[in-house]
């Protein structure tokens, strides 16, 4: 049973790799200096800002909520927290657009289509916190209470307690979530297209736009950006997993009860 | 207190939904396509996700770490980036503008998550418990042990694949060559256009589909588990 | 191992099936084409952002085709640049039997498609009704010669519309419009220049300053500096722009901005009648207005080119063109030469010239100017970022 599904999975998952191969093939001979124009540079900056802010906020809030809910056994909040997961990103973006574009009295700092991209970040945080929560809460469920009790007995400060008794077990789920979110947010189209501004645009929006506004020459720019970005994320994933491999393995052994 | 605040922040974007109510609802091609895709993609995801995760956990092979990376890395390939290459590949085998082609790329975007989710769940349950199931015949193994044990994970896999499928616009439009309308492609045109109430109606459909599936699946599982328990007694 | 073999067999079967296809040919005469096209389906790819246009195709054209030629018309809504992109990928993948049979295209998208050899040629002699075409409109598409690669479907001019209940002294020139935005900050904007309409608006400003001197594609820095002075008084202080004309229309409909714009001088009538646009909507003709023709084309790998020919011929018939120009559906100007029609048809067209939101046809015609070529369109796209910044 498992072997046939493995084969089918591998056939299906070979497709995105074909996509990357195509990008490599298309960008042979591309003049990379063309990417050094202002639109791409500004796009890179704002993409890093939006991606990292939303990802880190989601990770922190998600972990904090998982911890709170686990400690206080607040099951009503846990089930409420699932709600945003039922909303596809496109729909979430539209709901936030409706609320913040002027049809609703939440004016001021937060407004759709403004340069600080606060509503974009808000949308992502709202959508991704439940995801992080889901990834992390399992770890808390399995957490060996012995560690926490020991940390308390040693009279460590709360932060120290967290660092010693919880953090090591959170590394793996948080690392997983971090890269999934970074990969997703940094090259998505729907949310920033609806809530972003004309300049600077996020990478996904700019790449898609240059592909479809008919300037054929610019298609290669988009392919090149997509390729570098994918390889950049791959490198980050592989490097961070390699660096933490030893620690994670040690912890995994400790976690088995 | 802070919990009340969090609860409020979670709930308030839903206010947008109530700016209008769907007035009319009709079963058109787009809705039927969407439901057909959601159900079949979810089923295939559960099957392939659990099967592949099983292999990854319990089979000894020298290819194992390679396979792990192969199933893991697609999580980090942006859909937008791999889309054009997939188009060329699928055009070679005549799958552009077909239901199969669109189904295949929807599977591509969901399967890595499902494998991961199934893997994590089975890892937590642990080898000893699952290994006992090997003594059963395959169907019994799935029905009496795997599904009841993995109940929550299966629901999560279905939820994830449903929501991801419902989010895809660019991909369905390109690979389906516009010939396969779904709620999302229709909705996207309504978003981009003038019609707030039509866009909101489609948003209602997009939000309620995953909810219905999640609740429905929960119901089916509890009935099934009651049946299984009844048999055991 | 056994499974591997099965899989290999399956894959090679699919490959064989895919390689057996060849390009479909257009029949030598229209009658034969109509015969071939019976009981077939034509996939018509077109921008789908306007309800009136969609209804014209679905409710008027499709039933007529079914009745007269026993042919099914399948309207596929998609952005023009998107299906041109799809065709170019088809070309790259050597896909000889594609999905698109007929498409609605013009401007830089046409230029791109023609350059990449994505279109079938010699369309005109295969279509009887092409004899009725306005030859001037048919000759070039935004400066690019059409060479029989596309057939004129409609002919329109660029106008602005404003809400007369809010705007008391409407401007009469682009300069006055600039001053008007300063007096009414936040009440005017235009779509991004990646949008067809937004780009055209900037071309009008360019024409107002430099007329024909910039046709070769060199835009002076002074122009961009001048355009930047508009920004502080635009909607949201010019920090962002509507992504599409549809979004601008939405801002106009909700009263956030007081003017909208677009190709097609009759486009506001149906919207006003439906209560989407404000009651006070009127046309605003400034000192000049770009005339634009939009076209129909058949891609190189159309599966049903004969059906496409039949549909084009039907779309060019005087009755279909008349229904298109009527405000009930679309209000799109005809691409036919009225002097080539018989007297009753001609009168029917002339009768359509009345509408609350229509500009004075004579004045509009006097101020008509030919479009800049695609080089200028590209240049505006590339350099406008300076203004948006």
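Read from first to last, the chains carry the letters A, B and C; within each, the first residue is number 1.
By definition in this document, a contact is a pair of C-beta atoms (placed from the backbone, for glycine too) under 8 Å apart; a residue touches a chain by one contact, two chains touch by 3 or more.
Computed from a predicted model, the values in this text were never measured in an experiment.
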Overall pattern in which the protein chains touch one another (line/ring/star/complete/other): complete
Pair sharing more residue contacts (C-beta pairs) when A-B is set against B-C: A-B
Distance between chain centroids, defined by C-alpha means - subunit A, subunit C (Å): 39
Interchain centroid distance [CA atoms averaged], subunit A/subunit B, Å: 18
Distance between the centres, which are taken as Cα means, of subunit C and subunit B, whole angstrom: 38
In subunit C, residues with contacts to at least two other chains: 82, 243
Residue list for subunit A, restricted to those that touch at least two other chains: 3-4, 211
Of all residues in subunit B, the ones touching two or more other chains: 84, 88, 196
Residues of subunit C touching subunit A in the complex: 3-4, 7, 79, 81-82, 84-85, 88, 108-109, 112, 115-116, 192, 194, 236, 239-241, 243, 256, 378, 381-382, 385, 388-389
Sites on subunit A touched by subunit C in the complex: 3-4, 7, 11, 38-39, 42, 102, 113-115, 193, 196-199, 209, 211-216
Touch list for subunit B against partner subunit C, complex: 84, 87-88, 91-97, 173-174, 177-179, 189, 192-196
Subunit C - residues contacting subunit B, complex: 11, 14-15, 17-18, 21, 43, 45, 48-51, 74, 76-78, 82-83, 86, 89-90, 92-93, 95, 99-100, 243-244, 246-247, 249-250, 253, 276
In the complex, subunit A residues that touch subunit B: 1-6, 8-10, 12-13, 15-23, 65, 68, 72, 74, 77, 80-81, 83-92, 94-96, 98-99, 103-104, 126, 134, 138, 142, 176, 179-180, 183-184, 186-190, 194, 204, 207-208, 211, 223, 226-227, 229-230, 233-234, 237, 256
